[in-house]
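After this come two complexes, each holding chain A, first together with chain B and then together with chain C.
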Partner chain A sequence: MTSFPFPRRSPVRISFGIGLAILTVFGLVPAVGVLVVSFTDLRGLPYLPVNWVGIDNYVTFFSPSKWPDSLNALQNTIIFALASTVVQIVAALGIALLLNRPLRGRNFYRAVVFMPTVLGVTVTGLVWSLMFNVSGGPAKSVFALFGAHSAFFGDPHLALSLVILVQIWMVVGVSVIIFLAGLQAVPEELYEAAAIDGATAWKRFRWVTVPMLAPSITANVLLGIVNALQSYQLTFVLTGPNNHSTQVLSLLVYVQGFGGASGTTLSQSQGYASAVSMVQFVLVAVVSLIALVILRRREAKL
Partner chain B sequence: MATKKLRGRSLAQRLAAGAIAIATVGALAACSSGTSSSSGDSGPSGKLQILVSSADASDAAFRAVDAAFEKKYPKVNVVLSSVSNDNYPATKSSRLTAGNVDLFVVKGMWETPSYAKSSESDDVRLAKAGGLLDLSKQSFMKKYTPTVLSAQAIGGKQYAVPTGVSYSTGIYYNKAVFQKYGLSVPTTWDEFTKVIDELKAKGVTPFGVGGKDGWPAGLPMLGSVGSLYPSASDKKALAKSLWTNETKLTDKLPTKVLDQTETVLENAQQGAAGAGYDSIPAGFAAGDYAMVPDGTWNEPTIASAVGSKFDFGYFPFPGSDDAKDNAYLNGKIELQLAVPTSSKNQTAALAWLKFFSQASNYKGFLEKSGFSSAQPDISTSAFLKSIAPYTEKYQPAWDQIWVANNKAGQDAVYPFNYPALKPLGSSTPEQAAQAAQTAWAAAF
Partner chain C sequence: MSATTTAHPAVAEKASMKTKRRLKRMPVGGYVCAAIVLVVFLFPLLYLVNTALKSNDAFVADPVGIVHNPQWGNFITAWNKGDFGSYILNSVLYTAAGSAIGTLITLVLAFPVSRGYIKGSKLWSVLFVLVLFLPNALITQFQLLLRLHLYDNRLGYILMVSVGLGIGPLLFSGFVKSIPRELDEAAAMDGVGYWRYLFTFIFPLARPALATIFILQAVWIWNEIVLATVLLADPSKFPVTVGLYAFKGTYSNQWPLLAAATFIVAAPLIVGYVFIQRYLVNGVLGSVKG
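Let's turn to the complex of A and B:
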C-alpha cells in the first residue's frame, strides 16, 4: 500500500503535467532541435533551402581555418568562467560573513548588495559603459589623477578583466543571499562550543563555518560556473560582438547564428552556430559534472 | 499525518487532465502577429512595417517620409523599426521568419563573382530563392540612375530601391585649425604625413576615431585601398587575385594598406579604441582633434554638432604618392529597400516606394539623411556640392567589391586585418597581415 500526503492525486498530476509540458515545449524540444540543426546548413531566413551536411559544421569548428577563432573563444570562455566564479565566491563569502554580523543598517546593505542583480544586463552595461567612458567617465578621471590613461573596454589587454569585474558586480548578490541563508542555518552552539575549546576566530571559520556552508558553496560554484560559461550578454553590451579579446563561445554562437559581421558579406549560419553551441553544451556539462563530483566528495570529507 | 490511498483514475479523467495541460501551454505559447493587410480596392491601407538599420540622420529622414506618406494615405499606419547595425541581421531574420515586415533594408546586394559563389551574401540568396519581390518593372525604378541600378542588379533583375549613395573614404577636417597652422588639404601620402606631423608638433591631435564600434576604424582601410587600388577594375583584380591566391595579404601593397591604416590609428585621440562612434562628432566640434575619417552619411550629424563654431571640409584619403590616384571618393549604395514576398501589405509597400521615389519627397529625404542622390537631376546640399569634384566619377569602395570567405577565419574577413592593429588589437601591420594571410590560406 502506497501512502501519499495529499487527498487527491489529480491536482498534483495536472500541475506536474503543465510544468513538464512547458519544459518539454520550451526546453527539451528546442534542445533536440539545436542538435538536429547542427547537422544542417540552416540560415534562419525563409525561402532558403536547408540541406543535411552531416558533421561538416563540427569539422569546420575544429578546421585549421576556424580553429584559431574557436580556440580564442574557448580560452576566453574558460578564463571568464574560472575568474568570475572564484572571485565571485570569495567576495560573496566575505560580504555574507560581514552582513551576517549584528550591524546597524544591515538590511539596507543587503539590499544594496543585491540591487545590481535586479538591474539586468542592459542597465548594468549602460552604467559601466558610462563609468568607463573614455571621453570623461569617472574611471578616466581616477586614472588621470595618477597620470595614466586607458581605452578601458577598447584595450585588448584590459577588456576581458573589466567585463569579468562587471559580471561579478552584477551577480554577486545572488551568491551572497545563498551564503547568508547557509550562515543563518549554522547553530550558534557550534560556535560557542568551539569558543569554549579555545578556537580562534580563524579556526572557528575554518572548522565550523566552512564545513557547515559546504552545500551553499557547492550550489554557488555550480551556479557560477554554468552562468559564466553561458554568459555573453554583458560581453556583447560592453564590448560588441566582434571584439577578439572578449569573444566567448556563446558570443561566437550569436555572431554566427544571427549576425555575420556587420559591414561584410558574411552570411549567418544557424547550422554552424548550433554546432558551436553543442560544443559549448558538452563543455558546460563536463565542467559542471567534474565540479559537482569534486565538491560532493569534499562536502562528504568536511 | 493523514494519508490516503489514491483512487484509480479513469482514462477519460487522464485525457481531460492532459488536454487541460496542453491547452494551458498552448495559451501561454500563443502569440499574436496580426498584421492588417490592405483592402486593395481604394488605395493602400492598414499597417506598413518598415525595418531599417539605424543611423541618426537616415532615421530622421525616414520618419519625415513616413509622416508625409501617412498624411497622403491616412488609412496607412507606418511603423518604422530602426535597429543598430550589429543587431540588424538577427532582427531581420526573425521578422522575415515571422512574416511581419513589409519593407526592409537588404545588404551585400551585388552579383557575386564566380570565384566566390560559395560565399554569396544572405540577401542575394534570398533574392535568388524568390524571397524578394522583383521590382524591375515598377515605374518608380526608372527614376534611378542606371549605373547605380546596374551595380545592384542580381541576375539582371532589380530587387531593391537604392535610397542614395554615400562616400566612405574621405576625411573631415577642421578648416579653422588648418588655416591657423598654414596647412593645405593634402593630395598625396607624403603631404598627408606632413600634415599629421605638423599638427602633432603644434599639440593638436590629428584624428578622432570611434574604435569601440570596430567598423569606424576600418574606414581608413577603405580609404587606403581606394587610393592604392584607385579604379574599380584594380579592386576587382585584387579581389580575384586574393581568391585565387595569386596575391598574398603579406605582399608589399596589401601590407601598405595596413601600414597606412595604422598611421591613422596611432595618431588618433587617447583612448580611441574605447571611444564610441557616436561620441566623435562632439569631440570634433569641441576641437579635440583636427580630422575625422568618416562617411558622408554622417555629415548632417557633424554639421549639427559643429554648428557655427568653425567651417569644415572633406577630402579623399590620400594614400597614393600620385595625386591622380587620390582624386576620387569611393562610395557605396546606401540603404537598399526591398519588399519581401511574404509581406502582408505589398500594396502599401509599393505605394511607399513610389511615394519615396517622387522627386520632391526624395529631395527631402536626401537633405535629412545626408546621402548623395541615386537619381539624376536632383540638386544636392551645399556640402555635397562642395565635394562634387571628388564624386564626378562613381567609384565603388572596397567593401562593395570584396566578398568575404565564409570558410576563412576572422582575421581575414575584410581581408585587411585592421581590427588586429594597435590600439584595437596588439599587432603591428606586418603581424596583422601575417595573421590574415594564415587565416585566409587555411580556408583553401
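Let's turn to the complex of A and C:
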C-alpha cells in the first residue's frame, strides 16, 4: 500500500464501492450465474420449479443425439474465429501500410475504412443482404459473368464464408487504426539504416516493420479472437439464429435459451443453454491463452 | 501525432530516391490500391441508395441497373411504416446513458486501483483483465432483470449495457500512470478532497482517454442487437438495430422500401460520423498509443 495523500479514505471507498456494486450486480453476478445455472434445468418461463441436475446438461451437449448440433456449432465457431482473425489482420496490415504512405486524401480513405463500425450490424447486415440478394444483385451479376450461380446466404457451403467476409468488412477499420498507430511509432532511423544497408522493400518490411509492429499484432490477434468467438450479432442479422450452416456457439445459446424458431420444451432449456455458454467460455479462454503465449514468445524472440 | 505524420513522407521519399523509376511508379500503384479500397467500402452504400430510389417493379425488372426514375416517396413510405424516429431516439438514449455510466464506473474503479489507493489493488487489476473474458451471460442477464422487475425496462437495459466495460479499465489504469503522482500530493496539500480532485483535476486531464473509452463502449452499445432482443419486448423501447431488423421481417420482399429504411437509419450516422470522425479515429489511435 503506497502513501495516501488525501485527508480521508472514505470518499475513495464510497465511489469505488458504488462502481464495483453496479459492475458486480449487472456484470459479474450474471457471469458467475451462468456457471451455476448450467447445473440446473432452469427454463425460460418464470416461477417453474428449478432442479439441480448436476452435469447432465454437459453430458447432453456431448450425447449422440445432440452431438451433431454441438459439433456443428463448435466447428463453425472455430472456423469463424480463425478465418476472420487471420484474414482481417492481413487485410488490415495491407490497408494500414497503404494509408501510411504519403497519398493525397489518406485521412478520407481512413475515415471510409472505419465507417462500417459506426453504421452498425443491422445496416451492414441489410446492405450485404441486398448485395448478395438471390433474386438479383451485384454478386449475382458477377457470378453470372463466370456462368455460375449461387444461393449465397442460402447456400450451406458458402454462407459461413460470406458471413466472415461481411464481418471483416465491418470491423477491419479498427484493426487498421491499431496498425496505423503502431506504424507511426516505428522510428524512421530504422528505415534509413536499413536502406543504407541496401535492404529491399520486402526486407525492410520483414525485418523492420513486422518486428516493430509485434505489439500491435498481438493486440489485433487477441481482439480478433475474442471478438470472433463471442460476436454473433452480425450472423444473427445476416442468416438468422437458426441457420445450421452459420450457427456459432453464441447463437446456439440464444436458440436453446429463447426458442428461436422451434418451440419444443427441450429447445427452451436455459440450463442447457448456460452449459453451452460455459463450453464457449472455456474455448475462448483456451484459444486466447494459447495465442497470447505464442505471440509473447515471438515478441521476445524478435 | 502531426509530427509523426509529417515525418513519414520523408521516409517514403528517401526510400524511393534509390531509383527514379520507382519514384514515378509508386504513387500510381498506391492510388490504384486506394481506389480499390474505396470501391470495396463505398460501393455497397451507393448500391443501397440506388435501390432505395427504385420502384418495386423497376427493382424486380433490373436490380443492378442505375435508377432512371427516382422514387423519393420510398423514404416517406418507409418513415411512415417503421417508427424510425423513436428507434433512433431510443438508441441515442441507450448509447449515451450506457456509455456515460460505463465511463464513470471505469473512472472511479481504475483510478484508485492504478494509484494503489484501495486495498488489494493487484487483485482488482486482475479483475480488469477478467471482465474481457466473461462468458456469454445472455440467460442469466435475462433472468436477473426478470427477477429485479427490470425486464422490458429502459433502465434495466441501460444498466446491463453500461457494465460492458471492455478494455476501458485496462486502458484507463495505463493512462493514469502518465499523470504524475506529485499532482495528487500537491492537490491534497492544498486541501482538495478526493472527489473534487477526481472530477476537477483528473477528469479534464484524462479527457482524451475518457473520450476513447466512452466511444469504444458507445460503438458497442450502438451495435448491440441480441441483448436488446432478449431484454426488451415492447417495440416502442427497441433500439434502432432491433427496429430495423423487425422492419426487415415485415417487408422482406420489398427491397426498395427496405433499402430506403436502411438508408434512413444510416444517413444520420454517416452525417454524424463526418463531423466526429477525426475525434473518433484519433481516439482509437490514442488509446492504442497510451
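Annotations for the structure displayed:
The working rule: the second predicted complex is superposed on the first by the 272 of 302 C-alpha atoms of A that agree within 3 Å, B and C clash if a C-alpha of one lies under 4 Å from a C-alpha of the other, contacts with A are read in each partner's own complex, and residues count from 1 in each chain.
Keep this in mind: a residue touches a chain if its C-beta (ideal position, glycine included) is under 8 Å from a C-beta of that chain, and two chains touch if they have at least 3 such contacts.
Computed from a prediction, not measured in an experiment: that's the story for all the values here.
Once the two complexes are overlaid on the shared chain, A:R110 sits against chain C while remaining clear of chain B.
Applying the stated contact rule after C-alpha superposition, one finds that A:H244 touches chain B and leaves chain C untouched. When the two structures are aligned on the shared chain, A:A151 is found in touch with chain B, with no touch to chain C. By the touch criterion stated above, A:F4 is placed in contact with chain B and with chain C alike.
More residues of chain A are in touch with C than with the other of chain B and chain C. Judged by the touch definition given at the top, the superposed model places A:P211 against neither chain B nor chain C. Of the two partner chains placed by superposition, only chain B is touched by A:K66; chain C is not.
Using the contact criterion defined above for the overlaid structures, shared-chain residue A:F258 touches chain B and also reaches chain C. Shared interface residues of chain A (contacting chain B in one complex, chain C in the other): 1-2, 4-9, 13, 18, 22, 25-26, 46, 135, 140, 254, 257-258. Note for the complex: chain B touches chain A at residues 1, 3-7, 9, 13, 17-18, 20-22, 24-25, 28-29, 85-90, 93, 96-97, 99, 107-108, 112, 119-122, 125-126, 129-131, 211-215, 218, 270-275, 279, 283, 288, 341-342, 399, 402-404, 406-411, 413-414, 419-420, 423-426, 438-439, 442-443.
Across the complex, chain A meets chain B through its residues 1-10, 13-14, 17-18, 21-22, 25-26, 43-49, 60, 63-66, 68-69, 132, 134-135, 140, 149-157, 239-245, 254, 257-269. Of all residues in chain A, only 1-2, 4-9, 11-13, 15-16, 18-20, 22-23, 25-31, 33-35, 37, 42, 46, 95, 98-103, 105-107, 109-123, 125-131, 133, 135-138, 140-141, 169, 174, 177-178, 180-182, 184-185, 188, 191-192, 195, 201, 204, 216, 219, 226, 230, 232-233, 236-237, 249-250, 253-254, 257-258, 270, 273-274, 277-278, 280-281, 284-285, 288 touch chain C in the complex they form. Touching chain A in their complex are the following residues of chain C: 1, 4-5, 7-15, 18, 26-27, 30-31, 33-34, 37-38, 40-45, 47-48, 51, 60, 62-64, 101, 104-106, 108-109, 112, 115-119, 131-144, 146-147, 159-160, 162-165, 184-185, 187-189, 191, 193-195, 197-198, 219, 222-226, 230, 240-242, 244-245, 248, 255, 258-259, 262, 265-266, 269-270, 272-274, 277-278, 280-281, 284-285, 288-289.
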